[in-house]
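Some structures are shown below for you to check.
Common to both upcoming complexes is chain A, partnered first by chain B, then by chain C.
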Partner chain A sequence: MKRYVFVLLIFSLFLTGCWDRRELNELAITLALGIDKIEGEYEVSAQVVVPSEVSPKSSTGSSPVTLFRAKGETVYEALRKMTNESPRKIYPGHLRMLVLGEELAKEGISESLDLLARDWELRSDFYVVIAKDKTATEILNVSTTIENIPANKMFNTLKTSESSLASTKGITLDELIADLTSEGKNAVLTGIEVKGDQEVGPSKQNVETITPSATITYDYLAVFKGNKLIGWLTERESRGYNDITNSVKSTVMPISCPGEGEASIEVIDFNTDMKGKFKNGSPEVDLTIEAEGNVGAVECKIDLKETETIDTLEKIYEKELKGIINETIDTLQNKYESDIFGFGKAIHRSNPKEWKKIKEQWNEEFSELTVNIEVNMKLHNTGTLSNSFLKRVKE
Partner chain B sequence: MQNVKINSSQFLILVILFTVGTSILTIPSALAADTDQDAWITVIIGTGIGLLVIWLYTTIALWFPSLTYVQLNEKVFGKWVGKVLSLLVIIMAFLYTASLLYYSGTFLNIHVMPNTPLVALNILMMGIIVMGVRLGLETIARSAEILFFVFLILFLSLVVLIAPGIQIENIQPVFEAEAKKIIKSSIFYVAVASSNAVVLLMVFPAFINKVKHAKKSFIIGNLIGGIVIIIVTFLCISVLGPEKTAREIYASYELTKRINVGDFIQRIEAVSSTLWIISVYFKAVLYFYASVLGIAQLLNIKDYRPLTLPLGMIAVFLSIIIYPSISYQVNWDETTGTYFSLFVGVVLPLLLAVVYGVRKKSLKKDSGSS
Partner chain C sequence: MRFFRKKNSDGLKSSTPLPSQKQNPDQKNALKTDLQANIKILKDSLGESSDIIFREIRIGKEGTIKAGIIFTDGLTDTPSLQNFILETLMIDNKGNELQKKMSAGKDLINVLKDYAMTVGEIEDLTSFDVLYTGLLSGDTIILIDGYAQGLIISNKQWAERGVTEPSAQTVVRGPREGFSENIRINTALVRRRLKDPNLWTESKVIGRKTKTSIAMMYLNGVANDKVVEEVRLRLDQIDIDGILESGYIEELIEDSPYSPFPTIYNTERPDIVAAALLEGRVAILVDGTPFVLIVPALFVQFFQASEDYYQRADIASFIRLLRFFALSIALFAPSLFIAITTFHQAMLPPALLMSLTAQREGVPFPAFVEAMLMELTFELLREAGVRMPRSIGSAMSIVGAFVVGTAAVEAGIISAAMVIVVSLTAIASFVSPTYDIAIAVRLLRFAFMIAAASFGLFGITVGFIALILHLCSLRSFGVPYMSPLAPFNMSNQKDTLIRLPRWKMFTRPRLINQKDVVRQQSPADAKPDPTNRNELEGD
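Right, the complex of A and B next:
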């Protein structure tokens, strides 16, 4: 008898349930968060999936996501205040995008990021972007095609453009915090903007036409100095940034032909080696770029059957790439005076003792820094054609 | 008192799990906070020093191969002084049992189950610890053998999966930290990973089959455990970077969050918590076993088993009040805890060796006549 009572007692342990159980239908799965600062208060907006609209069976044709907004003195408070509006608690475990408003970025971003790094539910594999000329809420308020969840569209677009064009850069929270805290490198973030008719953007109508009235597109890189956004790079400079920091996976670069017209080089392998050193007591950086590519398209009359032509194209590419890189470094050294490339880090790695002496005035040193650039391009193939038909086209 | 015996390979596994213990989760960030990207070098130096400490233990223990540390103290220092010194060892072992309970409960609280009361998690953990100790050393050793393979497979797969994320730039420049800082934090590492192994003298050599082999197991086990920590620290620094490693409370857990093989194998951080629960469990069991057995021998009680349940309850209660907050715990570990461990784990054994040297002849005579 005693034994039965004991067994029953043991079993009763299993009836108590679990403190931390959370059923799927109690979660508001959030895929994108936006943070703005309005009149000294944080406004947080969360793009939350509407589960019934995502499944094709029960879809009624309304928007697959919804946006909750709340204001608070801190980001955390604002996030909790959302429960005033949302029937479920915000669950950020699957977050893909964090959009920061431009105004907030100009005032300084780091204070708003602490919660996201500290909270246990969040993972650090989401991208951080800056809403250019807009608030984050406006960016999250646009419906999209192909990927009907806007956050997924933003995530995938950034991933694709980063790896096949290399004028944007997907930066995760960890990388951003590392850039904000480490010596000898300042942060960059990719800008995001809404083009077209902002009025129609939020409605489902937006995606009913072939050309959506409002679209979300990526702009180029935003330059930070310390905690604050100080300006934007152009497309060329953004590419230059990716060239310098070895972030290019594949890209297409137009170069000018020996005569007239243009040719496009498809870069298939790109490797930048950055080395810092001290020469006569002053810091220097060597950039060695090894690239491989193909002739992607020819819009001029050159003879691709000649090896010399290939050599000339390689030379032109090398020269023009150097031009882009020099231009980028020049802008950063003179216009923004911010070392976003991590030159300081490279110098630190090579000579920690000397670095200690100059790190306090690194921003000034950076503007004076000499950068030696060497580019080696190897062109292999010319696609499925040898010579272009352009030569034979009748006048 | 008891006729339990474990063999030397079982002891090896216990030593490895004991050494890995809590270090696998807490050491990378504690060391990176002090010596930045050189933390992994610190661990290498610390492991080296730790081996010396372990060598000291084996030497001491083998003077009287049939005695546990508590009995050894009484033998060498005489009855009353010996009992007082033994009490210090027992206090350490018991305090650390509670401290490990706090560790495991807090870890689950922070990363997995924030709404579950700490006491509920600690009762569950203490339940299986008490169960293990009641069943005896042989059972503990056998279950360690089984779970060690789980541990090994999980650990190796973790290393392989995270290896693609290594960025060598993160560990450069090598040797930037000052030598003084490196030494200081490697001493801290010795305190955490090696000098606490003094409680294993309650197992070694009294309850081991072939003592000669077991001496080797003790040293090799500590070395293997050290290598595991070296690898984990190196991975943390080279994948997460020194700043991030120092900021995280449990850096190696954060490390497993980074695993992503082809967008397919990802979100497997439960693996690293399994690893940790296994190693913390065995570390806690050995602490608890040492404290319970120590008290029994101190008070000349024939069987230690009746003590397990009440002491287990006290340990749970202690684990709730031992640290008022996590910042207190981190500070305590780095200051008072380190000195306490070093005192009990290094100073006392050295003292014992000195006294033994002085009283060698009369002690030999004693044991010869009795």
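Right, the complex of A and C next:
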């Protein structure tokens, strides 16, 4: 009998297993976090879902998310201070967006990211973006339509625009940390901004009209040098960046027709091969781009039945793409002097010994770097029309 | 545990073999020569039971010989008693050969036996023990004054259920016959399917008071001799006052009485028994129940329905896989739900998490309590549905569906997702073709829910490992329970998780049957050859 009591006592040790047990309604599901630096202190804002407002059954029509804010010496402290305001503990396991304020980014972002990379509750598959000209709190304080949870709207918009336009780039925390730490590549992040009336943004009224007073939209890429933000790229340059780094899935590019007018090329497959090498002791990078596409729209009078026309269009595309890429590289080499493309990495991979010699002064070397570009475009389809009806339109 | 087991095995060992009826009757047990004395002893010991009928008659020339006829009313076929016994004995046919022989003063018992009784089965009787057994199982007893001997005339007949469609194991395609309560009908149903001289039936009588007939059936030369011997041994060790259902036998001879998993298969379908005998298994039939036991029983056997073999192999395989899937749902669905929603929220897709959270807003219980409440309610409904008189069944299903389905959710006591999980579990637990394995799953589900509530997925994993270990440690009459999965046997996979076409299954299961393994011709010849047919048509 004593033995059974003993066994029971041993089993009771296991009864303490519920330490991290939390019911679903004890969580403050946080889908977006914003980090700003104001007067030397971190201000963290958390966009938390109000579950009863998400469900169509129990919704009362008020906002589906709420924003908690707290200040602290460190990000972690600020997060914990949020419990002063929030009835439930912040649960960041499903975080989708991390918005960093532009001021913070200019001072350096690394310090604020440590907690997010270290905490076990966080997955590192959320996107990191920079609030352009605004604080992160202001970005998270705008109600949105279609996706009524703003964090989801930001996440999905970035995902869609990245894969079908390629002027933005969704960068997850993992990728960002890899960029910040690796040699021969600097980080970029996509910018996010609020357009319209910031005053109405937070209220439900914002989404009650067909055109919301304030909308969250993505801008183009932010250039980093080390862990500091140093400037912004234009749309053309952002596309150039994606072309160079092989991040294009699909996009549309307008080109000029042989005569006058424009044509749009729908790129359906895009592959960039980046190879570093040393020529006569100085580093060089070869970019070989293999692209495939369709003629998407023709706004000029050309004869698409002729294969020469297609060849000509291919040539024009190749030339114009080279132009964009050259322009982008030029801006980075001369204006920002920051290797965001990872050219250094490519050279390192091809010749680690020589790389060691130039590693220290890579920023200077980068500005002098020769980049050889080769573009091959193949056009396959012209859609359901061959020649545009424009030719037949009566004058 | 050990304490109990020891006691149990001691009990089995100390049991003495049943007193054989062939033993020489001692003085007290022997019949008396005086008819009146015999009848008095019978009346005393049977306590004047009203269903035992004593009829004293006079037979022989001018009725000089006194005789007694004793039978149990209701168990004996009265017309045949009237026509073949009373009439032959009593109607005084002058010049009848029989009357002459009777009066000749020879051994009257043998004369009656050889010349008079126009019934099929007849036996001598010298002891009271045999008399009681015969009398109480419906035979007619004839005692004659002056002889310490009697006759047992077999003319049993009583009201019984005929061969009807089995209710526990139904099929869409397949025979509709089911076993009944009469062991003779049951052996006949098996015999009709296997007309092989090697189909041997061994009979035993178990139960000191009930004297229940038990029959062991096996295909001699196909069944493993060691298994047959083991079954015989275990049956002989049973010493109990009564056997009322095959469940008694099952509990007394099974390998692991404490395991929730059945190691003996039971069925009410003769076709399943015939198929099992062909595979080399042993069937145990018990009088008074339509449920026949089959040993050795393997884990996978409980997921094989007879219909698997009657319909096409592809759909049979699909359905069999579906059953294993249903098993895992029935076992794990509530515990996984508890573990994921209370410990591992990160595993849920965000949209699902928000939807579940929204449902849980305002629910006063933790997920575990919620799940327990629902599962217990479901078990209550289920048990009530089984025990309740049929006529009020619809009332209960209305109440059940209303309480569980609608009201609990609308009142905000239970979240809708939990109702979905519990219903899914319930449906999945009804999928298994045998009731017994579903019972094990039903019980273990609660253990897994407790493990999930205290340790999350970790608890489920540890529990699952323990479950697998337990299953692998089980044996059924010497055959590993999880075979042919563990130990793995490639050739037996043809009829385990999936069923291959019949022409691919040309050997019997390996571990159950060791000799005479070939079921059909060689595999190359087994497959139907369409080219032959074309040639015939061409002629």
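By definition in this document, the second predicted complex is superposed on the first by the 378 of 395 C-alpha atoms of A that agree within 3 Å, B and C clash if a C-alpha of one lies under 4 Å from a C-alpha of the other, contacts with A are read in each partner's own complex, and residues count from 1 in each chain.
Keep this in mind: contacts are C-beta pairs under 8 Å (C-beta built on N, C-alpha and C of every residue); 3 or more make two chains touch, one makes a residue touch a chain.
Computed from a predicted structure; not experimentally measured.
Touch criterion met: A:123 reaches chain B and chain C at once.
When the shared chain is aligned, chain B and chain C each come close enough to touch A:20. Look at A:349: by the touch rule set out above, it reaches chain B but stays clear of chain C.
In the superposition on chain A, A:211 makes contact with neither chain B nor chain C. In the overlay built on the shared chain, the residue A:174 is in contact with chain B alone; chain C does not reach it. More residues of chain A lie in touch with C than with the remaining chain of the pair chain B and chain C. In the superposed pair of complexes, A:182 makes contact with chain B only, with no contact to chain C. Applying the stated contact rule after C-alpha superposition, one finds that A:91 touches chain C and leaves chain B untouched. Shared interface residues of chain A (contacting chain B in one complex, chain C in the other): 18, 20, 123. Residues of chain B touching chain A in their complex: 110-117, 120, 169, 172-173, 176, 240-241, 243-244, 247, 257-258, 260, 267. Touching chain C in their complex are the following residues of chain A: 14-15, 17-18, 20-25, 27, 29, 31, 49, 51-52, 54-55, 57-58, 91, 93-94, 96, 121, 123, 152.
Of all the residues in chain C, the ones that touch chain A in their complex are 341-343, 345-346, 350, 353-363, 366-367, 453-456, 459.
Residues 18-20, 117, 120, 123-125, 174, 177-178, 181-182, 345, 348-352 of chain A are the ones touching chain B in the complex.
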